[in-house]
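Sharing a structure here in structure tokens format.
The first chain written gets the first letter, and so on, giving A, B, C, D and E; residue counts start at 1 in each chain.
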Amino acid sequence: MRRKVIRTHDKKIGASPGTLVHVGERKVETVKISVFEYNAEHLTEKIPRRIEECAVRVKEPRVFWVDIAGIHQVDILEKCGAIFGLHPLVLEDILNTGHRPKFEEHDDFLFLVLKMLSLPEQGTEIRGEQISLIVGPDYLLTFQEREEDLFDGVRERLRGNRGKIRKHGADYLAYALIDAVVDGHFVILEKIGDEIERLEDELLAAPSPETLQQIHNLKREMILLRKSVWPLRELIGDLQRCESPLIAADTGIFLRDVYDHTIQIIDTVETFRDMLAGMLDLYLSSVSNHMNEIMKVLTVIATIFIPLTFLAGVYGMNFDYLPELRWRWGYAAFWGLSIVCALGMVRFFQRKKWL
Amino acid sequence: MRRKVIRTHDKKIGASPGTLVHVGERKVETVKISVFEYNAEHLTEKIPRRIEECAVRVKEPRVFWVDIAGIHQVDILEKCGAIFGLHPLVLEDILNTGHRPKFEEHDDFLFLVLKMLSLPEQGTEIRGEQISLIVGPDYLLTFQEREEDLFDGVRERLRGNRGKIRKHGADYLAYALIDAVVDGHFVILEKIGDEIERLEDELLAAPSPETLQQIHNLKREMILLRKSVWPLRELIGDLQRCESPLIAADTGIFLRDVYDHTIQIIDTVETFRDMLAGMLDLYLSSVSNHMNEIMKVLTVIATIFIPLTFLAGVYGMNFDYLPELRWRWGYAAFWGLSIVCALGMVRFFQRKKWL
Amino acid sequence: MRRKVIRTHDKKIGASPGTLVHVGERKVETVKISVFEYNAEHLTEKIPRRIEECAVRVKEPRVFWVDIAGIHQVDILEKCGAIFGLHPLVLEDILNTGHRPKFEEHDDFLFLVLKMLSLPEQGTEIRGEQISLIVGPDYLLTFQEREEDLFDGVRERLRGNRGKIRKHGADYLAYALIDAVVDGHFVILEKIGDEIERLEDELLAAPSPETLQQIHNLKREMILLRKSVWPLRELIGDLQRCESPLIAADTGIFLRDVYDHTIQIIDTVETFRDMLAGMLDLYLSSVSNHMNEIMKVLTVIATIFIPLTFLAGVYGMNFDYLPELRWRWGYAAFWGLSIVCALGMVRFFQRKKWL
Amino acid sequence: MRRKVIRTHDKKIGASPGTLVHVGERKVETVKISVFEYNAEHLTEKIPRRIEECAVRVKEPRVFWVDIAGIHQVDILEKCGAIFGLHPLVLEDILNTGHRPKFEEHDDFLFLVLKMLSLPEQGTEIRGEQISLIVGPDYLLTFQEREEDLFDGVRERLRGNRGKIRKHGADYLAYALIDAVVDGHFVILEKIGDEIERLEDELLAAPSPETLQQIHNLKREMILLRKSVWPLRELIGDLQRCESPLIAADTGIFLRDVYDHTIQIIDTVETFRDMLAGMLDLYLSSVSNHMNEIMKVLTVIATIFIPLTFLAGVYGMNFDYLPELRWRWGYAAFWGLSIVCALGMVRFFQRKKWL
Amino acid sequence: MRRKVIRTHDKKIGASPGTLVHVGERKVETVKISVFEYNAEHLTEKIPRRIEECAVRVKEPRVFWVDIAGIHQVDILEKCGAIFGLHPLVLEDILNTGHRPKFEEHDDFLFLVLKMLSLPEQGTEIRGEQISLIVGPDYLLTFQEREEDLFDGVRERLRGNRGKIRKHGADYLAYALIDAVVDGHFVILEKIGDEIERLEDELLAAPSPETLQQIHNLKREMILLRKSVWPLRELIGDLQRCESPLIAADTGIFLRDVYDHTIQIIDTVETFRDMLAGMLDLYLSSVSNHMNEIMKVLTVIATIFIPLTFLAGVYGMNFDYLPELRWRWGYAAFWGLSIVCALGMVRFFQRKKWL
């Protein structure tokens, strides 16, 4: 079944703003909560059964990362909102998985909504999962529709104390996750780039209606990808420019780097769009050329034989007085005339460069 | 009958600005006025027979909402304008239902013109009703072309004292109505999204001129929808940015939320436009492919049989001296030659990948 | 004869800037000057024979409106310039009727160039007349190519002392005239909207090359209309934003209203352009579909009968030894074979959905 | 030979910046220098043989205009640069005739590069000559590729002391030359406008592949014209906005006027582009319509006669037992059947509106 | 093998930011380091075997240029970063050869990433090498994917003490290299311009599917070129505007010059895109015209001979009673009728201007 272009809002329409209703399909059975608490020296990792356990934290300065995979249990969200003091509209946005990527600066925290894209092995249909980040002074909350492997790299770096990740605060951790999401786009773009090149070769070798269908599908994907990538750039640009005390000064250069990546993604998406448009033109031209080929064959055959058939018809007539039929060399003359006629036509077509 | 693209301005042209003339079709017979007067504790609801009754208000701090459904009785508007001190140009804009959505900041009130869209069960033709809002310090005036169900959700929340709506002022009530109007767009976009997907499937399975007509109709709707959505975004953006004392500080975050929704609507409209353009290209390509198919069949049949028919014509000639006719195996040789000839053609077409 | 897309500048090229030469066709024989002098209490209306009479004015605070219809007599312009102290470049712009709408703020006056559009009863070719306005502290000069009925509404309001027009200054009078010019666009847009709807219906019912020609003509008109409407919006926007003491504070709201109208005009023009582009696509698609229809008929008939004709040709051959001809049921067998063959073809076409 | 789209840079690539090499074709044999020295009372005109003579100037306040036609003699440029203190990069830009129009504000002078366009009598290929202006406090240097008639008007005004030109400084003289260059565009646009109208008429009357070729050529010209006009506008806009003491206050209004003209030129170029695009669509549609016409004729003739030919073939068969051949009215019945069959087809085509 | 549109990021995804991994193909075997140390009087040139030798520098004020050709040996980069104090993200960007051109202002140095383009003798496929520049107060580091001839011109100027290059600092040296890279674009654009003109001529003379393929290839190149040129302009614009003390005041005018060149490159790229789009339209039109030609020939031949063949078939029938066959002049009458019929058709086609 095809992904829906726009998600269902029915359940929400007419409800009071801030009412928490999960919008979207339920992607996992049970909500999985995982907690990392770390500083440069120590790292504690646990999987609490109830969200209330997150309220108890060590006082010592540590970064506190709560990752919630599965957002269909509204009560968990509500408790989470109560513990960390989140505005109801923020919780509503977390639940509404059809949301546009966005960035909001609140008093105590920054709120980001991202789309994590993935391309299944088979097919070219990009799937998107919504990821929401709440960046507080010393905590980071992440909400995913289902547990994604994309964050595993960051978890490994945390556990292994690799890179600078344990030395920085929650803002750097948020950056690391955003970076992982943005890098995920390159994987997809590269696959699409390969697919485009494969189609270009196919277009030159043997274009078929299936080629057209595939070009069209890719175009459709680029339209939808574009719709999600432009707000991503805007979001990261806003994040970079915002002068929130929640963002440490030395995280700025990393955000600039990730911003450069989003611009590169947009450039690539636009380039792909242009290339696909060019391929469509090429396909249409090759169909036209093909039609010309067919018409030429028909025309050459028909215009050579139609007059000859007429001539044969003439000498098949039963007139009592039809002198040529009586001639000794009549039949030979008929063939001679036919061959001259056919050669003349062939000559004519050669001069028109149809043969 | 088809909706007119641009409304009649004839009655107005040349009149002095500020002259009150109702422009548009009369949509209801009698004008219906309904009044809500409420604060967090009390709610009074009445349906006055004459607009003058609205002038008498309880002094105690309450929000006062007058909803006027039906705007063809110019005198009611005039009285209303006198009671609340509205500029004649504002009244003129309320009456002119062909107006573009807009926002104006006046000294004592804010003036908004919105379009409430609805899509009938049958067909894809979007209809729009104009809604005007006057947001004063403690009152809200709403003018509709006819009574719409869209406001019922808000009325229910007022009556049931659900959500925060009774605790806030007239600005929040205005926000709640704007939110309902904006949410109404999502319902329509979702229906159109379903229609687009249905057409995409139809396009792959069995494209027909009706498919083309439906794509064209949807494109037309998107052009008109776009014309109404862009000013909506502008309007809400202006409303959000305006630093009027009439907008309480905590309403700001709700306006930002509704602004995000309008951006999402615009994104979706633009995405649909792109998708429809792609579908049109695909339709044209499939028509071309179809034409190629037809031409191939004709060409294959004609080029195989035209030379054979000529050959049959030759041996149908009545020349006295036509030696092949006398041969014992002449007829068999004819068939042999015909079959060789036809097979050669088939081979040729197979090599050209037409068969 | 078709309107020229760009007016003749030949007479002007190479001349010193500020040289007064009338550029454009002479539209009226004699220049007609009309003068209104009014305040809230009094109104004097006269038609002076010579422009010099305008120099004598009552000292009492009055608004003084000189309307000059016909601008080919350069000397009248020059005298006018001398009386009111106009810069030679301003006079040059008034004379050059091929000018782009524009707004200039001078020290003593504001200078506006507008296009008044009209659509003849027959045809869809929009004609434009240039109107120049000089707004001084207590006077208004208007220059028209020929006397237009569009100003009559304003004259009537002046004479009848209707609306607020007599209570305001020259700036409000200028606004009233601009408003009349802008409203004139709506009349034209409505006619074009009707024409577009008529063409859309024609396109569905029975598209013909004439339909195409009419769509093309409308597109051409929209291109030219667009060229004149965008600077109009710019002009009124500049006028609204300019903080000249010549514009009274309470005229501002009226200018904002007229600015909203120009935006609505631009929206409508752009919408029409999009719709016309869509109609052209639809026309081309319907031509392609039509071609497909034609080809199908040809192909069906030809592919059914060409093999049968070959078969008939075979049994028309005169071979001495052609055993089938001797069979008792040969002829019946021929018909049987033919019918089977034809039905097979019909079946084939039905499966391909060509029948 | 066709004008090259991009000029040769080969000689320059890799050279040190500021190295003076003439890039472009040598357009005149000898360099011609002409000098005007004037104020409101006096005018001296001379043609020095050597550029060094220009270094000696009358002390009395005069405007000093040196016009150099032919720029291939690099040493003259170098001496000129030494006399007037020009930066090597400026001299390099003067020599590089493939340059984009631009404006640079230097400490002692303003530097402008313009394109003077001309359209030969025959053909539609616009040619451009580069003109560079150095505007100093009391001198003006102009460099042309060859002597152009376009400046003659200005020379005449200088000699005849017509207009204000002798009363102003070097900045006004520069303006007068820029004005002449900009006015030159209108002449070309008008010719192209006439050509477009001729082609539109041709398109309606009798479109041919030559018409297509001409539309394409005009489109190509508009692409190149556009490339030169946009920077021209930018240049004059910058010149107008720059607050250099070299531009007298009262020259500002003249620059605004010339700026308006460039906007009008751009509007016209864009309008022409839109119109040419529309004409191309119309041409393609008329080709499609024409193809439909051809196919209809073929289909009507073929579908009427192919079944009849089959019928005639049937009764030309030589079966021993073919009873119809023996009938008294067989031949008449054949004709009857044929005519009924043909009329049925004609009827069918009439109902399909092909006839 | 075709160049990949987007480079491999696989090795990098999920790694910690700042991790140094070489991304791209290894283009040279050994890394080649070359060092220039110069001021106006002296020049030392050496080729150190180890990067550590670069750490030892003469104290005397000199410009120090280290050029590293080949960047696949990550350890050299790391040592280089340690010597000059470069941020890990900068080193990462140098290694990632799929990067977008960009400019970053760091505290101690400026960082630039450029693309050096080259067009092989055969084919139209542009290749790009990434060049990174680190501009410090008195040093310049350049990193190339392989040693390019493009820098040889600058090296020669350094050695020969030609131009001003030895008198200026590292910023001027950087400018000279950027200028060389930008000039490299002109060489490519000129080749492409020649190719476009060749194709335009081919299109008029004898368009073939190969022409289409070449137009498409050029379009594809322009899409990719555009993707690299726009950020180049942005980069040089940022560099010019940045008020870093690392850029001497008198280098500004040179940067403005190079900025003008990038604008000219963009103009040319956009012009080429427009021209190629026009050529594609022309190609499609000429294919349509060609199809019309073919159809006309088929239609003329078929419609002349099909009725005549029918007539011949009629008189080939074997009806016992077929009176015309008995007539003395029957055969002559047949020919007469045939000729009249054929001439009528010819006349009809002539009137339709098909012949």
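As a working rule, contacts are C-beta pairs under 8 Å (C-beta built on N, C-alpha and C of every residue); 3 or more make two chains touch, one makes a residue touch a chain.
Being a predicted model, the structure only gives us computed values, none of them experimental.
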item	value
Third chains touching both chain E and chain A	none
Co-neighbours of chain C and chain B - touch as defined	none
Size of the rotation, in steps of 5 degrees, that lays the CA trace of chain A over chain D	145
Computed distance of Cα centres, chain E from chain C, in Å	42
Whole-Å gap separating chain A and chain B, where each centre is the average of the chain's CA atoms	26
Two or more partner chains touched - positions in chain D	284, 288, 291, 295, 298, 302, 306, 309, 313, 316-318, 322
Touch-based graph of the chains, sorted into line, ring, star, complete or other	ring
In the complex, chain B residues that touch chain A	153, 157, 162-165, 176, 179-180, 183-184, 186-187, 189-190, 193, 196-197, 204, 253-254, 256-257, 260, 263-264, 267-268, 270-272, 274-275, 278, 281-282, 284-286, 288-289, 291-292, 295-296, 298-299, 302-303, 306-307, 309-310, 313-314, 316-323, 352-354
List of chain C residues in touch with chain D within their complex	2, 4-6, 8-10, 12-19, 87, 89, 93, 99-100, 102, 104, 206, 209, 212-213, 216, 219-220, 223-224, 227, 231, 280, 283-284, 287-288, 290-291, 293-295, 297-298, 301-302, 305-306, 308-309, 312-313, 315-318, 322, 324-328, 330-331, 334
